[in-house]
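Next up is a structure, given as structure tokens.
We just call them A, B, C, D, E and F in the order they show up, numbering each chain from 1.
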Amino acid sequence: MRWIARGITPIALIVLAFGLMWMPNTILAQDMATGVAGEAVEVVDAVADAVVGEPQQPEAQTAPATPIDATFMINNLWIMIAGMLVFIMHLGFATLETGLTRAKNTVNILFKNSMIVCIGILTYALIGFNLMYPGFGDTSLNLIPGWLDLSAIPGFITVDAKDLATQMGPDYNPGYTWYTDFFFQAMFAATCCTIVSGAVAERVKLSSFLIFATLFVSIAYPITGSWKWGTGWLDALGFYDFAGSTIVHSVGGWAALVMVILLGPRLGKYNADGSSNAIPGHSLTLAAIGVFLLWFGWFGFNGGSVLSADPGLVSLVLVTTSLAAAAGGVAAALVSWFAASKPDLSMALNGILAGLVGITAGADQMAIWESVVIGGIAGVLVYFAVIAFDRVLKIDDPVGATSVHLVCGIWGTLAVGIFGAKAGMAQFGYQLAGVAAMGAFTVAFTLVVGLALKATLGLRVSDEEQIEGLDLGEHDMAAYPDYQQTTIKSYQLREA
Amino acid sequence: MHMIEAVIKPAALGSLKKRLAELGILGMTALECKGYGKQRGHTERYRGARMDVGFVPKILLKIAVKSDDLDKTIEAITEAACTGKVGDGKLFVYELSRVIRVRTGEKDNDAL
Amino acid sequence: MRWIARGITPIALIVLAFGLMWMPNTILAQDMATGVAGEAVEVVDAVADAVVGEPQQPEAQTAPATPIDATFMINNLWIMIAGMLVFIMHLGFATLETGLTRAKNTVNILFKNSMIVCIGILTYALIGFNLMYPGFGDTSLNLIPGWLDLSAIPGFITVDAKDLATQMGPDYNPGYTWYTDFFFQAMFAATCCTIVSGAVAERVKLSSFLIFATLFVSIAYPITGSWKWGTGWLDALGFYDFAGSTIVHSVGGWAALVMVILLGPRLGKYNADGSSNAIPGHSLTLAAIGVFLLWFGWFGFNGGSVLSADPGLVSLVLVTTSLAAAAGGVAAALVSWFAASKPDLSMALNGILAGLVGITAGADQMAIWESVVIGGIAGVLVYFAVIAFDRVLKIDDPVGATSVHLVCGIWGTLAVGIFGAKAGMAQFGYQLAGVAAMGAFTVAFTLVVGLALKATLGLRVSDEEQIEGLDLGEHDMAAYPDYQQTTIKSYQLREA
Amino acid sequence: MRWIARGITPIALIVLAFGLMWMPNTILAQDMATGVAGEAVEVVDAVADAVVGEPQQPEAQTAPATPIDATFMINNLWIMIAGMLVFIMHLGFATLETGLTRAKNTVNILFKNSMIVCIGILTYALIGFNLMYPGFGDTSLNLIPGWLDLSAIPGFITVDAKDLATQMGPDYNPGYTWYTDFFFQAMFAATCCTIVSGAVAERVKLSSFLIFATLFVSIAYPITGSWKWGTGWLDALGFYDFAGSTIVHSVGGWAALVMVILLGPRLGKYNADGSSNAIPGHSLTLAAIGVFLLWFGWFGFNGGSVLSADPGLVSLVLVTTSLAAAAGGVAAALVSWFAASKPDLSMALNGILAGLVGITAGADQMAIWESVVIGGIAGVLVYFAVIAFDRVLKIDDPVGATSVHLVCGIWGTLAVGIFGAKAGMAQFGYQLAGVAAMGAFTVAFTLVVGLALKATLGLRVSDEEQIEGLDLGEHDMAAYPDYQQTTIKSYQLREA
Amino acid sequence: MHMIEAVIKPAALGSLKKRLAELGILGMTALECKGYGKQRGHTERYRGARMDVGFVPKILLKIAVKSDDLDKTIEAITEAACTGKVGDGKLFVYELSRVIRVRTGEKDNDAL
Amino acid sequence: MHMIEAVIKPAALGSLKKRLAELGILGMTALECKGYGKQRGHTERYRGARMDVGFVPKILLKIAVKSDDLDKTIEAITEAACTGKVGDGKLFVYELSRVIRVRTGEKDNDAL
């Protein structure tokens, strides 16, 4: 009976989703298998037969029937590679979050992060992609034009009336095919959930979190995203967010903030007198690996957001991204060196991420020196944000997701109104509007879902489970059974 | 002089240390250990298989005290470590024939 | 004297191989250095002088003499990048296998995995590549046409009569140069060996394993591979295996299965009453890192198997690959959640790999929903396969290689006859034929080599060495000398 | 007061650098924001508006105003990706160095490696890039033509008179934009510093090291680099170094050697009788991860050094690079197997790196068999070099940086005179000249800076700090607080 | 009451625990330790250098028993842990002056 | 027979082992432990927060000796482990009632 209470809801939900995904499509799918995919496959065969099997038989070469435009191929190739780079960010998040939390919760964190990617991709195919980029389908579902457009939902990704041929070539978009578009955007989508995952780590109930994550990635993120990237009302207003300082990062940060408040701090985090204990993560090596991988993936996150392989723009974006990250890292390291007399690696790493988040909204708008300034300020901001959240606001965020993604996401979005080609009071206003609107929606959504979960399944594991670790409580597993763990530490002194 | 060996739950270490400090006992040595007793271990899973883990992580605390302090120390430990749940642990006490402080060469009660 | 028994055979073999590789070629090589490579280098110089040294001197630019077709450049670039991605899969395998085994065998596993890559690339250059893609050379060595063609072996990769110029441009192949072809295929080749490496971990004798791996990657894999990808008889028959569900994965899986049976289980794995003990790996974090890296690399494994940068096809393959992986992960997680009341991370990770292996044979043939179904079924299959191998068949496979690669490799290959554009009874028959033929050959080959090794060097380390760990036994090293290992664990209870 | 002695100097230096970087540019920058960047942004907008927001609105597509040459786009794309691959080498170095040192110094090593990347990119933008590729600017600063040309320093990367438009298209260079050029070269630059970082690990004072690293990467590396890649006197002479066996690796190796000698060995490394103790690193898994990532990144390091996506050349380079790495790994493994009766993983890993360093100077000049020979010899060399440095010369280099980068860097550079299309006595002489000239400059520079630091801040931490670990001494942090460390080891026996 | 401290080979823990359970002894505390004795350590290698590792991983098992149970417990441990090879380990026995169960405050024999 | 339990600084283990070997004492058992005493722990930092780490890593060395060897062993340990700085450690000595060598069943002094 116990697992029913714990497990049935997420399972039911996911099974339902799978069902929804297939049922309306099975009939259409039959056509597709012989139609849509069949067409694709004919092309495949033409190319593949010519190319695959006979590398040693030059005489067999036949060029693909219709020569595809080289520029289109390059653009498409870059966006696909960018999508892969964004994918590797999920490994970055997984190692970062694992490293910054305790060994006894490792299995739980890895499970959450693996599942978020899987669920994110599946639900984005099922509903998110079409919800975020509307414009087709039943206009009667265009409930509040520009604000809430459900018209694309009924059509699953490949089963609408659109001719696949047009989706696969430059007629769909000068930059990439429909599949490439989905691939790149789906990898983005899961990112915002992962941000929440880190903030709620070490005490959230697995089943509740997975339900929240599924709803967040399939509904909330696409709706706010569509306001700008789906050419919605914020886009019309003039709001600018190049690669998602707000659409991805501050949105994820807001959700993280609300969930953290609903959840409460980890056991032993705050003392009776209100003072705060540090609860160090179990491997700064893993954390550093995560930050390097995130930086690496960010080349695709920002560079791919050019949505073409335009040499000037993409290379500019790579340079501004790198300089902002570097400036953020150095700034946070120096601030911690000054403020605490010794340089703090965890802060330097956060500073790099802060710089990356900060430049994301305007990576294509900034000159070199501006990217350094934006990144540097983000690095300083993140230092004080971590301390403010931790000690003043008593927000217990084990990995600093709110400081990095929320605070620096807002900063980066506003910076587009301060620096770069778009700088100006009006633009600053648009940016503020975008931050506020998306923030408000996300906070409201998260509050509703979070409170509903709290009232039903519960959000928080028991205190016993927290002490024992979520790996045992939620998974009956241990991540590192061969190493002797040590429980004799300092902060136990204060846990009393 | 007596040595008290206390097998306790890891979570009790903080309060215990505080309590002993109040008594003026400022020396102790702690070791990671795994206990087996009435508190049953848990079941773990791995790739579809179950396994019973009999041993539970504990802390073994060694506290050498002057014989005069023995009773009150035992009392303090028992109180601080007790949650009333199985697995709270045990105290083992034995007599020490000598204590020496390495740094100064002080002996016995002077070394405590 | 002891190392002679242990070490001399692999060394002799490898030295011999190196010798063979160089001796016949040294004379020809002289020509090459000034001829073949010389030609290459002239082009290099032309480009490099124009490009490298003088980024600040635009006036010095001279375009390469012969402008190369842009489409060819793009195709070639993608296949090169795909090869790099396949390379990183070896890191994925290394971390996955390391994570799923005990800390005391870590050095051994890392050594095996590093050496497999090195040996695989070297022997593939020496013999494998030409054996797999025959068609040139001495036709008298075409022993059984379509089945066993050794004609290409005498010519080492760069020293045959072929004109390099034709090998470097679109005349060789519309997709890539000869070097690119070799690079991509060589990275593939080592993969099948790595599958075996995981299954035999924690008790195989290093020297015997390295001999087996060398023979397997340089002889067995290219022969079965050539039946399809070398345009052999299975290709003619109609067998379809897009990126190697069978050619790479089930072939590796069969070899793993045979070796595991020859080797026997690890000490303490099975009790007197036949019941099975779990022997947990030492780091689920490493295992998760491995799975993410494998997924990442699979974009190149499947995406590169299009053998061109065709926008529609490659992006379709990336999407089907991702959705199958996601479905496999979710399915395995849910099954374990239902079956064991708590979700099992090791199973979820296996499920992701299962989905990837499953979609590999038909990644270019499936519609979105079909890739979800194939991946989902693979995720369920892998769960029950792990349990069946472990508890019913008493096959001790520490990393689940047989479940993931053999079972799901077969499933994926057959799925091409059930789903997608090629679905049909006839195709299903061809798929079955391919699976059976390659399986039979691989089992026979592995049995012969395995039994020969067992009779001579021995396959298995001593029980003492197993208890102490292969790191000390085979390498006199410890992987983690700074951490206190813990030996006080549950399953020792049952080892008695 | 204590932190002043420790921390103020590097801070002052970096603050100064930041100041220098911004001050002269702020006024110009205003123009830039509306001018240079503004222009860039107009193009961005044109493309982005057409592409980003409206994936579902095919009618909105407007191709970029000026169609960009496809070949240029491909070349540029490859160099950008190659830059990303070089970036990931920094993660490779970080994990390798972390793995090969003790757990108590992990935070310090990760901090150094993170900061080197950040500082390297920032200073390369500030001064290094222009110093390395001179040719513009105030000719009066061309102090010793071809030897020391400071003319480019006054102009920060984006603020000189050059028209951005020409920098962003094929007019700047047939291979890539100015930003791409900077991105790729900046990622290279930090590499040489990282080499030093590993060699001085576990006893160097953080502040002193950071000052040294900043000066080295911003001054010394660009100066020697410009002699060849900046079309300086060594280039004119005929010296050839394709991707930096000398310009990056042996230069880094010389600096490492000098610093190690100035620093002295770690406590407990050498006994009173002159014998040497092994001090094992804390995770061979991390070391192996590092080597795989470095190999992966080397595809960009060497492959990108073609400076175009030329299919024949880049694929040739990928193949020679892989075969040299493989041969180095196998050779070092076999030598250690023969010499010490059991195969040594740490040596096999070093052998892979040795092969990579060895092939770097002539990766585009060698035939397949030559790359195998060069890599194999490098693998043998590195084995004996490690032992010679450690036991004969009493150079305490925890990660073997001098053996890998200095010895094999020299070997690889000289190999261009022995093998491949350029082989010949004259070329051998040029190579020797290049090695000697860059070595001499680097040794002199490092000696001056190193001695100055030794006399002022000091180079070495106190013995107490060494025993306690630099993580506590320099950072007040512990990398792995959840694991019980073990201090009961063998070599303590000899530390007495 | 006596405390038996047994230094044993890690591989012997399983059978030993089972054997003690048969005797009705269900409480014990285990610690990771490293032993130095007649069983010589091994040689390790690292980057071409050799080093002698003197200490061998062992388990230190602490079992408090009523004095009546002492002999049979010792016998059981000796049998279960003995493989006849150097390094099988040693038993050290000392007297306990007190035992207290934290949870209940039970004392001495009642606490065992 | 006596058991000496020495809490020492990790860095002292090497010289101590050497010194004991000179005395002919070749058996010992070492455990990782953490000590709390006059030697104050250090302050650690993590993400901007400070925390006091009270426990300092030490080694707990157990050496069983014949009673005749007790004095000279104590002296040797004290000398070898003494650096004169706070935290050098302490020696605790207690009587053993029995010693058994598992492999041979030898008892008491014969087992040492």
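As a convention for this text, a residue touches a chain if its C-beta (ideal position, glycine included) is under 8 Å from a C-beta of that chain, and two chains touch if they have at least 3 such contacts.
If you're wondering where the values come from, they're calculated on a predicted model, not measured in any experiment.
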- [ ] Quickly list, by label, the chains bordering both subunit B and subunit F.
- [x] A, E
Task: Same-residue or different-residue interface between subunit B and subunit E, half as cut-off - done: different
TODO: With contacts defined as at the top, give the pair, A-D or C-E, that has more of them.
DONE: A-D
Task: Where subunit C and subunit D are represented by their mean Cα positions, the distance between them in whole Å - done: 31
Task: Chain centre separation in whole Å, for subunit E relative to subunit D (CA means) - done: 52
Task: For subunit F, residues that touch 2 or more chains besides their own - done: 17, 30-32, 34, 44-46, 54-55, 94-95
Open item on the list: Touching at least two other chains at once: which residues of subunit D meet that condition?
Closed with: 70, 74, 77, 81, 178, 280-281, 283, 340, 342, 344, 346, 475-478, 480-481, 483-486, 488-489, 491, 493
TODO: Identify every two-chain combination in which the chains touch.
DONE: A-B, A-C, A-D, A-F, B-C, B-E, B-F, C-D, C-E, D-E, D-F, E-F
Task: Complex contacts: residues of subunit B adjacent to subunit F - done: 3, 17, 26-32, 62, 64, 94-103, 105, 111
- [ ] Using the touch rule from the top, collect the residues of subunit C that touch subunit D in their complex.
- [x] 2-3, 7, 11, 14-15, 18, 21-22, 25-26, 29, 32-34, 36-38, 40-44, 47-48, 50-58, 61, 63-64, 67-68, 70, 72-74, 76-77, 80-81, 83-84, 87-88, 90-91, 94-95, 98, 106-107, 110-111, 113-115, 117-122, 125, 156-159, 168-169, 176-180, 182-183, 186, 206, 283, 286, 474-485
Task: Complex interface listing, subunit D residues touching subunit E - done: 276-281, 336, 339-340, 342, 344, 346-347, 350, 383, 386-387, 390-391, 400, 484, 486, 488-491, 493
Open item on the list: Show me the residue ranges of subunit A that touch subunit D in the complex, using the header's touch definition.
Closed with: 70-71, 74, 77-78, 81, 85, 102-104, 133-136, 152, 166, 171-175, 181, 228-231, 235, 242, 280-285, 288-289, 291-293, 295-296, 299, 303, 305-316, 318-319, 322-323, 325-327, 329-330, 333-334, 337-338, 340-346, 348-349, 352, 364-370, 372-373, 376, 419-423, 480, 483-486, 489
Open item on the list: Taking the touch rule as given, give the residues of subunit B at its contact with subunit C in the complex, in rising order.
Closed with: 32, 34, 41, 44-55
